[in-house]
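Labels run A, B and C following the written order; every chain starts at residue 1.
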Amino acid sequence: MGAAALSVAVAGCGTSSDNAGGDPGAPKTLTVWLMDGSAPTTLTDALNKEFQDSNPGVTVKYEVQKWNGIQEKLTTALTSNNPPDVIELGNTQTAKFAAEETLYDLSGDVNDLNGDQWLGGLKDSLTWDGKQYGMPFYAANRTVIYRTDLFEAAGIASAPTSRDEWVAAIEKLKAANAADPDFQPLYLPGQSWYSLLSFIWDEGGDVAKPQGSAWAGALDTPQAKAGVEFYKKLVDVSGTKAPKDADEATPQQMEVFGTGKVGMMIGLPWELAGAVKANPDLESKTAAFPIPSKTAGKAAPVFLGGSNLAIPAGSQNPDLAKAYLKLLSGKKYQDMLAEGGSVPGTSTDTQKLATNPLGKALAESAPNGKVTPTTPAWAAVEAGQNPLKDMLTAYLTGAKPLDQATSDANASLSKTLAG
Amino acid sequence: MIAKKVAANAVALLVALFFAFPTYWMVATALKPRSELLTTGYDLIPFSVTNANFTTAWTKPGFLGALGNSLLVSLTAVLAALVVGLLAAVALSRMRFRGRKGFVMMMLVAQMAPFEALLIPMFLMMRDLDLLNRLPSLTLIYFAVTLPFCAWTLRGFVNGIPLELEEAAMVDGCGRWGAFRRVTLPLLGPGLVATSVFAFVTAWNEFLFALSLIRDQDLQTLPVWLSGFQSQFGTDWGGAMAASALFTLPVLVFFLIVQRKMVTGVTAGAVKG
Amino acid sequence: MTAVDTTGAAVPTNPSSAPRRAARPDGAPRRRGGAFDRALPYLLLAPALVAILWLIGWPVLSVLVTSFRRLNLRELTRGEVVWTGFDNYAEILSDPGFWLIALRTVVFTAAVVAVSVLAGLLIALLMRQISAVVRIVLQVAMLLAWAMPLLAATTVYQWIFDQQYGILNKTLVKLGFDGFTGFSWFSTGTSTLAVIGLLIVWQAIPFLAFSLYAGAIGIPKDQYEAAGIDGASAWQTFRAVTWPELRPLLLMVTFLSLLWDFKVFTQIWAMRKGGPDGGSTTLPVYQYLEGISQSHFGVAAAVSVVMVALLALLTFQYLRRLVRSQEGSL
């Protein structure tokens, strides 16, 4: 359910009431909603304790929310009479909430919140109409996770740093494991559109470009087509058995990687963790490299997955909430985020992250991170029938030639973005 | 005729197999260890079993609470729908009065309403009643949604019971209510079972409204709790299947209870009638 | 589910002299508590009436009203009420994609309803012929199918039909049909709908079978014996005895199936989100896409209204019969 779905409530019964702070001496509760798996418990425990200690009379009501159904939950909460004070929003969701004027404008507080160290891609995702409606929390992006032992066995000396090296690595893996019919040098499902974004961006193109106040699709440009063609090249060269009409969740890519018969996958850190959980042997045999660019030695731009923190407009304790965010944006907690394996949102220091190969790859690619078009209409693209996915499947299965697949998808995308 | 019976039984067992297979598959998946979920081997029968998934499901926080909430909401809704529906069914079936056709049509048309489209208006209504984030809101909605069906179906069943039976009972000295209770009600057994199971399953499995109207995690119902197995970090399919299996059990129990009570009621009626 | 034989063993010999419960316009002899008797039907109906008007009628009205507004994100954030008359309807009805989707919905619904009702009927009749133990086994198997949560059922079916790891493809290959290695059941809209249809039918038959069985066992056994004595074949017996008795119930469950199967959304969405490339998109999916995912709530409301109108059209015959009928037959 889209954020706006239940916001009919806002339209129907007036905007949420302006709440005065109430009796200043009374004990206050700060309600904080963070998402499942975002921050390590060590971090949140320490943070909440420190905040309560330095603000006597304030209790932090901290709740971990599940991602499934969070749109509905947030919308219900934001339109009720006492919304939470601090919420976590996925970066692709933020624009929608911001545009509906359901979030506090934090433009004036950016400096307080370490504004000069904000991660570029996340900052873009929370800027609407020139104003900042949140604070970056953390990010994670995709890297190519690979099997170090299989690479060694196939005679691949070092991790690929260009597209050509990557393709060569795939071919070497394939040759070295030809005896095993179940082996896949690269597991790449047909609808992994986030990976496609990297390829398109690397070519200098984009999925959509702003046109005046609206956005229009840019999938029919030569750059976008080149990106799609590279995707197909990877699928063809590797001969991956992954379904061409599903994304990395069906079946779960990490489970497939966990069977031990896959050389590489383009995935997020938690996918590696999941694979290791399924197959603990893998822990010492895996590493990652940033998605290579066509230009040797560079990393391709990546889609920056991650979250922002925001204050609902109807919060009863906005000042306390800001203080909470300020505390979280400090180096101490940002370092804890990095230790936990995420790219911190308000700190450029990624030393703690680069302690393992995956973290290093993450840290390397994050500054090069971009997000999808920051427009409320983008949420509809992801919530509905994603034309990028359909385009990939049609082209990969041969149902449509490249030009038709891209132009059909472009038309559909432009239509949705027009709102 | 034994050959006919044997053939019929054989066919019936095949049909039962068709229906039971996906359920079997759900349980088999729940029993498979995680490492064996994605295998290219022929795993119709699991290679090895584990109870790890069931333990995960059972011990996952909120299970018992969600179970209790679902039971409370579903049973109340079913009871209300049955009672109100039966009253309406009797009126519509046995009595003649002005506007009767109109009422019947209304029961029919009420079932045409697209359920999902009603979410927003219902949300507003519950908010104005200050029932948001409270379980009675769900009970009311499930009651309202299953009521037209219950009334309509029970009417059909009441129609199927000849008036003469009640009248015979009344000749024997029962009052109108007594005749109804002793004669008609037991004969309605199958009808009541069908409608109550339908109403229960509808309420038990409903997800969208339960998700949107209830905010507190300790008030959530089972379907919402179940969706928690799908996190941002992939889905614990083994756990989800185990949880689904546990989830289906109460329905089975409900059916078995209702089934037996109805049968005893009916046999008593048979002696009488 | 068993019921008692309702043969008229207790039918009084002189029906016309038996007192009738309903009040007669010409004044029947028994008229105890006349005013109460007259009010009774309305009293019995009152709770149902209130519940339906308030909890269903009001939201439905609200949707109808919304269909005449333009209600997108912009209007939403500013709380504007913009009346656009029939523009939403014009937009939908002039879109050729809409008509394709509508046609697909009707065909899909018809197929699913036909298969489930027919299968339900056959199973109901079968249930009469089998021994009690087998019947319980069958009933439990069907009940489990009916009760399985939608999320679980959809997932299980996705797995069974999975291209690489699905047990169906594996079994077919084992039986010698090598063409099914890595076969994708979801490559076209039609085959996707076939799988979804199977899922829906699998969960829909139990209710139909139970209801029709309840109806079938109400048919007096001696009618069958009479037919047997007359030397009727199975088909003739069915036509002469079973069909007339079951017809009202059959029509009713078909009607209900039509309503429910037409509105199915969750399974279609969960399976492939209306893909591939929109190939399995039906009207309910279209309504969701317009409304919840694109936030065109006015248009979505109009789609809802059109859906209901289409449903009314499809069930028109049944409705007309109902309006015209005398009591008893329907």
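Keep in mind that, in the parts below, a residue touches a chain if its C-beta (ideal position, glycine included) is under 8 Å from a C-beta of that chain, and two chains touch if they have at least 3 such contacts.
Please read these numbers as outputs of a predicted model, since none were measured by experiment.
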{"item": "Two chains sharing the most C-beta contacts", "value": "B-C"}
{"item": "Longest centre-to-centre distance from chain B, chain (CA-based)", "value": "A"}
{"item": "Whole-Å separation of chain centres (CA-atom averages), chain A against chain B", "value": "40"}
{"item": "Cα-centroid distance, chain B relative to chain C, in whole angstrom", "value": "15"}
{"item": "Residue list for chain C, restricted to those that touch at least two other chains", "value": "164-165, 291, 297"}
{"item": "Shared interface positions of chain B, touching two or more other chains", "value": "38-40, 120, 124, 227, 237"}
{"item": "Interface hub residues of chain A, defined as touching at least two other chains", "value": "1, 5, 8, 251"}
{"item": "Chain B residues within the chain A interface of the complex", "value": "34-35, 37-40, 119-120, 123-124, 127-128, 132-133, 208, 211-213, 215, 217, 224, 227-228, 230-235, 237"}
{"item": "Interface residues, chain B side, partner chain C - complex", "value": "4-5, 8-9, 11-13, 15-20, 22-23, 25-26, 29, 38-40, 42-44, 84-85, 87-88, 90-97, 100-101, 103-108, 110-118, 120-122, 124-125, 140-141, 143-145, 147-149, 151-153, 156-157, 159-168, 170-171, 176, 186-187, 189-191, 193-194, 197-198, 201, 204-205, 207, 222-223, 226-227, 237, 240-241, 244, 247-248, 251-252, 255, 259, 262-263, 266-267, 269-270, 273"}
{"item": "Interface residues, chain C side, partner chain B - complex", "value": "1-6, 8-12, 15, 18-19, 21-23, 38, 40-42, 44-45, 47-49, 51-52, 54-60, 62-63, 123, 126-127, 129-131, 134-135, 137-138, 140-153, 155-157, 159-160, 164-165, 167, 170-171, 174, 202, 205-207, 210-211, 213-215, 217-218, 248-249, 252, 256, 259, 263, 265-266, 284, 287-288, 291, 297, 300-301, 304, 307-308, 311-312, 319, 322-323, 327-328"}
{"item": "Partner chain A, residues of chain C touching it in the complex", "value": "71-80, 158, 162-165, 182, 184, 186-187, 272-278, 281, 289, 291-295, 297"}
{"item": "Footprint of chain C on chain A - complex, ascending", "value": "1-2, 4-5, 7-8, 10-11, 14-15, 99-101, 241-246, 250-251, 376-377, 380, 383-386, 389-390, 393-394, 397, 399, 416, 419"}
